[in-house]
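Note that chain A is present in both complexes that follow, paired respectively with chain B and with chain C.
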Partner chain A sequence: MSGKRKSKLGIKQRYSMLTRGLGWDTTYQDMDKVFPYDNYEGIIIHDWDGWEDPFRLTMDAYWKFQSEKEKKLYAVIDSFAQNNGHLGITDARYVNALKLFLTGVSPLEYQAARGFTHVGRQFRGVGPRVACQMQAIDELRHVQTQIHSMSHYNKYFDGLHSAPHMHDRVWYLSVPKSFFDDARTAGPFEFLTSISFAFEYVLTNLLFVPFMSGAAFNGDMATVTFGFSAQSDEARHMTLGLEVIKFMLEQDERNIPIVQRWMDKWFWRGTRMLALVAMMMDYMLPKRVMSWREAWDIYFTEAGGALFADLARYGIKPPKYADIATKEAEHISHQAWHIFYNYTHAAAFHTWVPEKDELDWLSEKYPNTFDKYYRPRLEYLDKEEKAGRRFYNDTLPMLCQVCQIPMGFTDMDDPTTISFEVSEYNGDKYHTCSLGCRDIFDYEPAKYVQAWLPVHQIYQGNCGGAEVPDVLKWYNFNLGADNLEYNGSPDQKLWDEWQAHRKKA
Partner chain B sequence: MSVASIGKYEFEPLDKVENFHGNQLTYFNWEQHLLFCAPVCLPLPPEMPFAALVQEVLPGVYNKHPDFQKINWDEVTWTLDQADFTPDMGKSLADNGLGHKSLLRFWTPGLDGIKGSHS
Partner chain C sequence: MTYALTIEPIGEVLEVEEGQTILDACLRAGIYIPYQCNHGLCSTCKVEVVEGDVDLGDASPFALMDFERDEGKALACVCTLQSDVVIEADIEEDEDAEYLPIKDYVGQVTEITDFTADIKKIVISLKEDIKFQAGQYIQLAIPGVEGSRAFSIANLPKKADHIELHVRKVAGGLGTAYLHDILTEGDDLSFSAPYGQFFVRKSQHKPMIFIAGGTGLSSPKSMIDELLDEGYSQEITLFHGVRAKADIYYQDYFQALAEKYENFTYIPALSENKQGDDWDGEVGFVHEAAVRHFNGSFAGHQAYLCGPPPMIEAAIRALMKGRLFENDIYCEKFLSKADGGGDKRSPLFKRI
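Coming up: the complex of A and B.
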């Protein structure tokens, strides 16, 4: 021992000691037995040190950054509550977007925490393990801060009281839930391709940005602040997504077809889930940010196009059916909103027919399709509702075996005809909504025959009873408050009272 | 393609016909009438006569639509599992060839929905 200690390590050295320096090769157990999950998917890795971490973040620095962000966020959340921030939103209809987010998206953050915790254990390479462990903690932070940001609304508005319970049971929430169940039950490399790449990298701008700018446009400062607080985490997650793809592609060319198939699959599953965001943008925000069509053109066609041009040097092609998804951008929001309008008696948020100026906005944004296919129907529904005959669909819908969305999407070249696909497996029929979903089923039928399809589960008697009200109680709905049309809802009544008081004052 | 997995990968399908208490699932779609956003799903006894489907089941599903009363059932065209199909009203669903998770689509000529929008 020289007795002289170097007082500080350089950043590079410090990063190396606190990440790579923490790993070791096992000696009295075979590495393949210690890490049994990282090679069965067929991905070949020659050199785990080929993993690059562009952020070079170590755990101690991570805690410090995160705690500073938390302090700021919670100061804003407190002040939002103390100053009755909910009174500053544009209209109570906006809160329905939060209901969808809290029940549909926030529980996914928790699922992501579980997924990244799992794969963070399973990679034998230290670089990806550390990155996954940090992301697991981020995701846990996101679900907590989202619940805290939105909890203020739960004091006044319906439908926000049982998000985790609803996420596991309610028919439309099986769409995001099954998406993540599918990802988490895949191997670790497919999980990262699905969540880190397809979801966080390719499609995140179509999920996160619309919700957060929607919040900003509609006066919801609590949610905007949460969005800012999560932004640097999301940047790190996107980088992980791109890194894992490049890592797999650079390690061995036999990885290329596997990665391509995962990209095709998870792009399609992602676009299906984004139908919920599409209808949020076009129908649920009282003050619109941009149309779904515009968002798709900017964030997928342009930004995604540049990304796939960049990946072409590895032999990667743009996702299969991207052309169909682009055609869908013209229709999907209207078709998705119509599904929820049909079944809003069984949903934990309200639906409504847009007001006249809002219909005009949709006519302007969708000049080739809205007036032809969708406006007459909405005007009819409005007339019926005003005459006291609010239309609900009384029969449970047929669901897609893969995405689990009611089969309400049409052939995009024939927008008045529903798109049907079917596969046979072990003597049974399995119906899917699109070529994209059918391909996914056909590649791994043994996986998707296990799908917990809410409609079929209700008919099997596994959801609280035979009648719709029994099922809704099993969902933990407050009947007559959480569900049904917005006009005449307790939410609307309360909001109108507040507005009347404001006028008097 | 079999599922890549760390062990044997065989699981029971969740929607086998025996899970539906003597019924089988039947899917219906009234074509070009998208007021009803999607095809519907109903558990029905395979021995139910096809006539009962038309006279008792379908009105419960679709009679809120102003076109429904105008349907001339003699002119309706059908497909069963995507093949042309002419139902025998006196025979049961099973004897008409409807199995578990069969898809029945029907077209009603001359009726094109709310203001001709196929809704």
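Coming up: the complex of A and C.
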């Protein structure tokens, strides 16, 4: 080729002119007063220009790309609705995964938008500021498109009507909500470590991918298309997560122990939250993608292993208790499903005992644990249900002070003993579900004693009343429709009618 | 069937197999194009096809928009070639890169001498002068051996009428067995050159550290020869790691340079020094010698690493512990044919 014009600016220079060139050092006010939060966590930055922009996308290009993504996505959503796409899913039980996603995960996108908007103001370096601001807009787009993608199901299925309201109030949704509340109330560097690194990079393939492949396997085109549309943004978010870690580690060696502590903390908080995904993968998808155990091996043990092998060059160790988390991969989905089976009268989705071929699949995928610990229990519950004695647990569970999950998880080396830890702070006892959560509590007890624990709040009379139905009304549940066992639910009835019609036709 | 892929703005030309993706070809040639998902979903590796025909592969319609397809964009991770192609990628131009064209050469072997029991010096004299940057390598065709083998050039680029190679006999290796046992002075050899991004970034004017393992000395020798010849004023320190005293070569040569140039320091290190060996120099792994010499602090330097992968990895860790990071570390890994694709890496680092 010929005629290459050398005068054209490179992508990096162009980006720099359009972003960093717009920043300035304040003179009327001290920079420390203008940006009071970016040094109080102890992270030392010598040179903000040492930040390597993880992606070089300018605002005008951003609008152009995002608008075309939206056009494509909404075309698919519209055609899905017009063609009654909900009739093409594998089974109505699948919709319960969407209920969990819409109430548990989509509001997190909004939380992320709030968090990135906040820290996008707080960094004195222009590079991270621009990256955070752009991600804030992405996150807003994600929550909107998720709600729109799934809204079609709300016309036919129960439990999808009040996601933001439920997210703020319902007991199990306090697990993801408190995760993000914890991150957003931390300093800006910890926020990026928790959300951009731990959540978007290390754990995203264990959260997002299972839901999206679950949608693909179960005939849910609208959600799959949303997934593709979001994934093209996620790559930017992941590179931001890696860059912030490199930036902190390279700027000053005193940052290393702080970053290590944050990685330990947010890895553990993340794995706890993923218990919800684990049970979704193993129990809620009529057509299964892979087992939670397999996903963990691929995405954490292998991919995370490669990452932490590289991070070792900085003196960073694999997250504390990663070994316990790997042991949990054999148990956690079964234990979490069991908790929800107990309390499904207080949940906005249905639970059930898997059918025989599904139990066989679990036996095959979990040869070390399923037949020994979990299958007999499920078969017993199934017998009880068939005999008209569907079991619901009428007492309220004790919650972990940090992850807010009911304290039903066991010691991994002794799966018939409940695991719990006790800490003392200002003369009071606080309970946590694991060593990981206990360490998090012990490092910042003053933060976690403020936790809004749903069970405590119910007992204190702050949740609509003294009886379970009062609380559920306060949650905005349609009693008898949103909650309880899947067998006999309005969802199931409607689905069976559709199937019968189809047979006739 | 292979195609030529030209990568702008750096002007590198690669040979790409049919069905091989642009990204794969680039990464294998040591050219880093930013990427993430590696299967057409995320759009991090977007490039512009300036000339030629390509198959866009399985690029997601959300990662590669229709208007971008019309504009000639492609995702390097899924895009394959259907003709010779020129692309423009998000690669930063390197001030010190000369972007020399790759050519085919035929030369005559005019010297084969033993450096050590298993390393030979092979000199190939050329009829036409060769242009290369100190540190770059050749792809040598070896009679009767499939594929070519990479060897770094050890001589000063200015002395362009020949190239000097350092060849260690690899156990069970067909190529090096030929070069050691069958090749004789007077034979003709053909090769193509120059390849690689391993050259000195002297425009940054930083003190330089060279860490070489075994025949990894070849590139640093060429680079140091040139720096000293040009009067580079910053400190230059060469660490050469070998097993035992009998494995050292060019010791007298570098000692003489160290005496002649005040800014050059030469430190050989033996990893398996035997009792009774006449040796009062550094003992231990070569990166340990570097840590001792610099008191564990490398900030402000530039480091050039050349040798087998375990040595490179150990050196990178030592340098990073001493606060020297990817932007100032350059390396050339010596992989033999048997090393294969290497282990799984995360996208945390680009070049090292």
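Quick note on the criterion: the second predicted complex is superposed on the first by the 491 of 505 C-alpha atoms of A that agree within 3 Å, B and C clash if a C-alpha of one lies under 4 Å from a C-alpha of the other, contacts with A are read in each partner's own complex, and residues count from 1 in each chain.
We adopt the following convention: a contact is a pair of C-beta atoms (placed from the backbone, for glycine too) under 8 Å apart; a residue touches a chain by one contact, two chains touch by 3 or more.
What you see is a predicted model; the values in this text were computed from it and never measured.
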| item | value |
| --- | --- |
| Touching partner for A:D30 - first (chain B), second (chain C), both, neither | neither |
| Which superposed partner A:D78 touches (first chain B, second chain C, both, neither) | neither |
| Contacts of A:E294 with chain B and chain C, given as first, second, both or neither | neither |
| Partner touching more residues of chain A, whether chain B or chain C | B |
| Partner chain in contact with A:P397 - chain B first, chain C second, else both or neither | first |
| First (chain B), second (chain C), both or neither touched by A:R313 | second |
| Which superposed partner A:E364 touches (first chain B, second chain C, both, neither) | neither |
| First, second, both or neither for A:R56, with chain B first and chain C second | second |
| Contacts of A:K246 with chain B and chain C, given as first, second, both or neither | second |
| Chain A-touching residues of chain B, taken from the complex the two chains share | 1-6, 9-16, 19-21, 23, 25, 27, 29, 31-32, 34-43, 60-61, 64, 81-82, 99-103, 105, 114-119 |
| Residues of chain A defined as touching chain B within the complex | 36-37, 40-42, 187, 335, 338-339, 341-343, 372-374, 376-377, 380, 391, 393-399, 406-408, 410, 416-418, 420, 422, 426, 428-431, 443-444, 446-447, 449-453, 455-457, 459-461 |
| Residues on chain C engaged by chain A in the complex (per definition of touch) | 6, 8-9, 34, 36-37, 41-44, 50-51, 60-63, 65-67, 86, 90, 92-93, 316-317, 320-321, 323, 325, 343-349 |
| Chain A residues touching chain C - in the complex, by the definition given at the top | 1, 4, 10-12, 55-56, 64-65, 68-69, 72-73, 228-229, 231-232, 234-236, 238-239, 242, 245-246, 250, 253, 302-303, 306-307, 309-315 |
